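A, B, C, D, E and F label the chains in the order they appear, each numbered from 1.
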């Protein structure tokens, strides 16, 4: 399993397309920084195929006041969970 | 943001200049805020600029567009490691008599934000009003 | 006409500083007056006096200084944006108890009030950003 | 007339939407830096309504090897033309 | 880019370390280039990284995706004020034995680039091949 | 596990440096070894020794130095990326005939070979970018 991080909002940047193209079937995607917007019901569209493999960073949601608005299909992890994901992943790719 | 700190380097001639120029009745400066808080410091630095202009007696309007609309989301806090957010700055706008605050309707809709659930009392405006606001201010700055 | 430039981009990381300097030179070549370039946000890095780009690349810091020397263009750097990013002159270094400095004349640390003033005083203010 | 500059590619960033919303009927748009991509036939879509008011910076096209590929509906101006546009415009807005 | 310059600060222990590690037969390092040349320096700095790795005997592959594909557009030149482009760096790839160069097909199509009209001899690959390339390299870096 | 971090973002302009430092501390708190943070692209600005952020904001330069002091994390700065952006240590200042310096220990100017080496030596290399 590879972990892919994305830090740009899908409402603003098209870079998420590269992340999705690069993801194998068992890879996970973690939304950090502005990308946490992608965990909101209104903006989760591009990530809908990632059921169970879509993560979003809790601290970055909280800072933006968005924790409560998060879609059920995004798994909220804190920065410890982020590190834990990097432990499990063979490689970490960063899309920005 | 701390206006005094931002003005540390201000020299006397500039203060003299601004104090002899009376503020005009309608907006002199329109600050357009188009970047999200937290992810970059552009929005905060744009707000700092607006507050300083207001502190110097300029009549300032704000327009939130695109990602800038996220500044109006309630319940924001500090960022990673205590990185300052913009909420405290937004709370200072009233004190500085910045009360013409607009947000573009289509941006709100694209992001899924409800105009009834924003931290400030803002006017939701359409594109035509955005264009009017640009036309009716002496100076427009994008942040 | 009187122009002002607001530069928000750091040199060598994106094109903003290159675009701004090119625009500045062209304004002057067309006979306009460029009052001041205001460096804000990442743009404050343009004032780094120790910049040493390879010889086959444009030297942006020197490029700005040349505008000041030859055309009297003021080079104003937002002090609050500069200090947090590690750019300070001798006076600020003294105040902060630091040795050495990273900004020197013709760049001047100043407040945002100067930017407000520049924008309202000039006929045109043009922003270059990352 | 106001001049709007845009420096992000419409293939990558959504910021062009803000520029378009802010443009009045007689305003002009100048594509600079990565935004010159928007003058290519394949990517000019968002700007099709701007006939006669869409400009693109020649030097930035040339640097990218794109001058020859420019769409007929984009008016190519060099940096002198850029300055000239700012002379004619009451205000210059920068979208980035 | 000038490899010697980029290595100015390299210390001897590091050179010793790399020289005793034999390069593996298949790719050790995959550098993904996803940003446009000229607009930012990321692409150039990513290429610099690839060249340095190759100079140290590492087996390096390149993958152009998204805006990075513009690096393959023919006829590029210097940027504003003589800002260096990437073409001269691309021409050095062969000299450094970097010959596994891929470009993602969908990115090319979105940008309107023709695979027959690119500056380098590249393999046009689909998403599945991108995923394979990531899996088959020891280290993957995004620029 | 052994980790390496590659930081490409400048402090105070975007979140990358904050995210990276937060991640670095968490790695260590979980008992991993963080070999080195490599500063490249805009990330070299994290090594600016004269950074003086307001007291109510995180001091990132000091934050990195603390990692080195308390956990022996190496702080490697790409020399080519640093020099063009105005970041040089005393040795480089001497070579370039400049007075003063903007980078000092525990940050070390080094070549990209160190980054290659870090990436291949560590179990995980994690990049934070603007």
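What we mean here is this: a residue touches a chain if its C-beta (ideal position, glycine included) is under 8 Å from a C-beta of that chain, and two chains touch if they have at least 3 such contacts.
Keep in mind that what you see is a predicted model, and the values were worked out from it rather than measured.
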For chain A and chain F, the touch-path distance in steps comes out at 1
Drop chain B from consideration and the touch-connected groups become one piece
Farthest from chain E in C-alpha centre terms, which chain would that be?
B
Of all chain pairs, which one counts the most C-beta contacts?
C-F
Answer with same or different: of all residue numbers used at the interface between chain C and chain F, are over half used by both copies?
same
Let me check something: if the centre of a chain is the mean of its CA atoms, which chain is farthest from chain A?
C
Between chain E and chain F, tell me the centre distance in angstrom, where each centre is the average of that chain's C-alpha atoms.
23
Averaging over Cα atoms per chain, report the distance between chain B and chain F in Å.
33
Per the C-alpha centroid definition, the whole-Å distance linking chain A and chain E comes out as 26
Sequence positions of chain B contacting 2 or more other chains
5, 38-39, 41, 66, 79-80, 83, 110, 139, 142
Chain D: which residues touch two or more other chains?
7, 11-12, 14-15, 33-34, 59, 91, 94, 96
Hunt down the residues of chain F that sit against at least two other chains at once, touch-wise.
8, 12-13, 15, 19, 22, 41, 54, 57, 80-81, 125, 127, 129
Looking at the whole structure, which two-chain pairs count as touching?
A-B, A-D, A-E, A-F, B-C, B-D, B-F, C-D, C-E, C-F, D-E, E-F
Enumerate the contact residues on chain C facing chain D in the complex.
1, 3, 8, 15-16, 19, 22-23, 26-27, 29-30, 32, 124-130
Show me the residue ranges of chain E that touch chain A in the complex, using the header's touch definition.
32, 34, 65-66, 104, 106-107, 110, 127, 130-131, 134-135, 139-140, 142
Interfacial residue positions of chain C with respect to chain F in the complex:
10-13, 41-42, 45, 48-54, 57, 61, 80-81, 83-88, 92-93, 96, 98, 100-102
If we count contacts the way the header does, which residues on chain A are in touch with chain D in the complex?
11-15
In the complex with chain C, residue positions of chain B that touch it
5-11, 14-15, 17-18, 21, 28-29, 41-42, 45, 48-49, 52-53, 55-56, 58, 138-139, 141-142
